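Working notes, structure below.
Should a chain be cited, it is by its letter among A, B and C, assigned in written order, with residues numbered from 1 in that chain.
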Amino acid sequence: MNVFGYRLPLFSSLVIWAILWEIIGHTDAKLILPPLSAITLRIFEIVPTKAFLQALIITGKAFFIGSFISILIGIPLGVLMGRSKIADDLLLPWVNVFLSAPLSALVPVIMVIAGIGETTMILTVVLFAVWIVMLNARAGVRNITPSLVEMARSFGASFPQSFRHIYLWAALPEIIAGIRLGLIRAVKGVIIGQLLISVVGFGTLFEIYLAHFLMEHLWAVMLVIFAFAFVINELLAWAERSVRYYAASR
Amino acid sequence: MPEGMTLQRTLFMYLTHPLFMRLVSFAVVLGAWEFAGSIGLSAAFPSFSETFVALWGMAADGSLFKAFGRTLEPLLMGLFISVAFGVGLGVWMGLKESAEWLFAPVFIVAQAAPLAALIPVLTFAYGIGLTAKVLTVCIMAMPVIVINALGAVRNTPASLIEMGKSFLGTRRQVIWNIVLPAASPMIFVGLRLGCASGFIGVILAELLITPTGIGDLISYNQSVAEYPSMYAAILSIIIASVLFIEGIEFVEKTLFRPEKRI
Amino acid sequence: MTFPSAVAMPSRIHTPEPIVSVRGVHKTYPGGIEALNNISLDFPEGKLTTLLGPSGCGKTTLLKIIAGLLSATSGEVLVEGRTVAGPGPERAFVFQDFALMPWANVMRNVAFGLELRGVARSEREAVASSYIERVGLKGFEKKYPHELSGGMRQRVGLARALSVNAKVLMMDEPFSAVDEQTRRKFQEELLELVANERKTFIFVTHSIEEAVYVSDRIVLLHRRPSRVHAIIEPNISRDVDPEQIRRQPEYLDAVENIWQSLKQYLD
């Protein structure tokens, strides 16, 4: 948007929202929504504490391991679905079911089977993330023009060579998009898991803060988590843009 | 048999038909479930048949439908608000650059963030009643609906808008006749994703805020270790969610984009 | 460069009054790209005038300025004596990429111009039907664009432009997105259309042969920044069989001369 001929940068309106938050924080609503300045101070206070760092490690571990598994399973399966009609017909209905289903309803199932420890967290993350990774990898492979594959074959490429040199690169923009969406869902998954289990990680912190009405602390932790999710999203979006340049002429 | 088709080829053609594949796929998974359940993998893992029996029982004595009724109340209210407000806001942002500048960052951040973390705050602010649950559905569903509607309007092919102007369409005519129909596929993608998130939200609300409806069935049966009933309740909400979203796709094809009816 | 059989004629000698006048038009895009530089042209009524030149020479830009879809940086365009400030009912546009609404069938697409003007449904469908038949698409009224070939889609675009009964029909490289055989057929049909309808046509193309085949008048434009290089009126007799036109010496000479003229400005 342009104001007086100057182009306003992206996300600059967040400044206005921050000011609004600050103002609301000083009204009667401060019980629920403390002023942004107070929350910011709390962030600096809480982050170095042991409780926070412990929660961060537990959460981070589940997040990274779960995401890694999702990517490890999701991309090959997605590529398989893109290449083989039979695999697609067998797997796609399930992908669609799990993308439409309320996954939060399945967390209790994981809980009763795997207990309330780290395994459950990791499984929850995989449950939330893997389907979108598969779907996007599939879309990427389906977008490859047949002539590119034929070209490789005409020069004598074997399947592993085609995969490495053609499929992976040609589908890369969609694969990165899938990873980005998967990681976002992984964050949602790990937080939802912790809310439902509530005796691990940030779930514990939330419980404690709520019980003592420490809203500033609650919001502080939430903002740190939100910022983390946002940074991941932007990093991967940047990675996606860097490879998009060749997407149109595939 | 058509000329040139051997028995093998015909058989292959039928066996690999998408519909048949879908049946095979479901059969394999349900079969595995049945097997895993009956060999006692875990005390908490009933077989498919046990779950199905429990499901039938709950449907027969009406408890299932009563629970659905309780769950649908915040779900439908929340979805209605999210869709009406979300599509309207998204389209407005797509048409007016200043609106986009002001609101888009909020929703972009919201889409990436695990908004479920706000549920404790909502409970704190609005208590444990209907309002908190409706708001939960809204915060889960709205961001993706808004972002998709915004993107859909922004991506209208410039050539079509130019054509509308060249035939003297007023701004209102161009928006109604060209921008909105062209945007409807992406808006519907947003609606489907938003409704899926809405379902996640309502179940979360029922599990976290106060047990009612299907969430109550799930957590109660979990607490008394009635696993078949617990799984049955979960299965029922999953089926409901899938059907609901398929329903949206059906509405899209019949009402909005007739050329996509293949 | 002399043109033996085709000469730049001043417009006062027994040619009709210009229905479209372009006076001193400049167009500079934001960022400094100068597309048009001081273009002054007249378009006589009832004739087909072609804007011809290499890619990027601004001919589509000029066409869109005349259509009112773009505004000139300076200068003015007069249509029937009135200054152009935007699109108008006396002008209709045929798009290079057809610009059909994919969610509407042929009937609705053709009737769209009339629909936007508030014409009642039965009336506009009657008008649209006659033009659908005119362009040879009778029977396809209920089909959707994705069910039609490229050539058929352009016929829909043409029928739509004809339906609004404009005096000036602007065509932006209308045949460039179809195959060669269809293109030739379209050129023949265009000649017939020009002969039967009493409209003014402004045609944009980069094909020299196409320009000479269909035009009463050809305006050659320079590369960007565009200026008028020459105006040519190929004196080709169109009373003969369409197939024979391309074999007339006047046709071949005109094509060759234009090519020689443009060649020096190519890289």
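Annotations
Everything below uses one rule, namely that a contact is a pair of C-beta atoms (placed from the backbone, for glycine too) under 8 Å apart; a residue touches a chain by one contact, two chains touch by 3 or more.
These figures come from a predicted structure and were not determined experimentally.
Taken together, chain B and chain C share no touching chain.
Among the remaining chains, the Cα-based centre furthest from that of chain A is the centre of C. Here the chain pair with the top count of touching C-beta pairs is A-B.
Centre-to-centre spacing of chain B and chain C amounts to 49 Å, using the average Cα coordinate of each chain.
Spacing of chain A relative to chain C, judged by their CA centroids, is 52 angstrom. Rounded to whole angstrom, the centroid-to-centroid distance between chain A and chain B, based on C-alpha atoms, equals 18 Å.
The residues of chain B lying in touch with chain A in their complex are 16, 18, 21-22, 24-26, 29, 42, 44-45, 97-98, 100-106, 108-109, 111-121, 124-125, 192, 196, 199-200, 202-204, 207-208, 214, 218-219, 222, 227, 230-231, 234, 237-238, 241-242, 244-246. Those residues of chain B whose C-beta lies close enough to touch chain C in the complex are 159-160, 162-170, 173, 177-178, 181-182, 256-259. The part of chain A that touches chain B in the complex is made up of residues 1, 8, 10-14, 16-17, 32, 85-86, 89-91, 93-94, 96-97, 99-106, 108-109, 111-113, 184, 187-188, 190-192, 195-196, 202, 206, 210, 213, 215, 218-219, 222, 225-226, 229-230, 232-233.
Residues of chain C that touch chain B in their complex: 67-69, 86-89, 92-93, 95, 97, 99, 101-104, 112-113, 115-117, 144-146, 160, 164.
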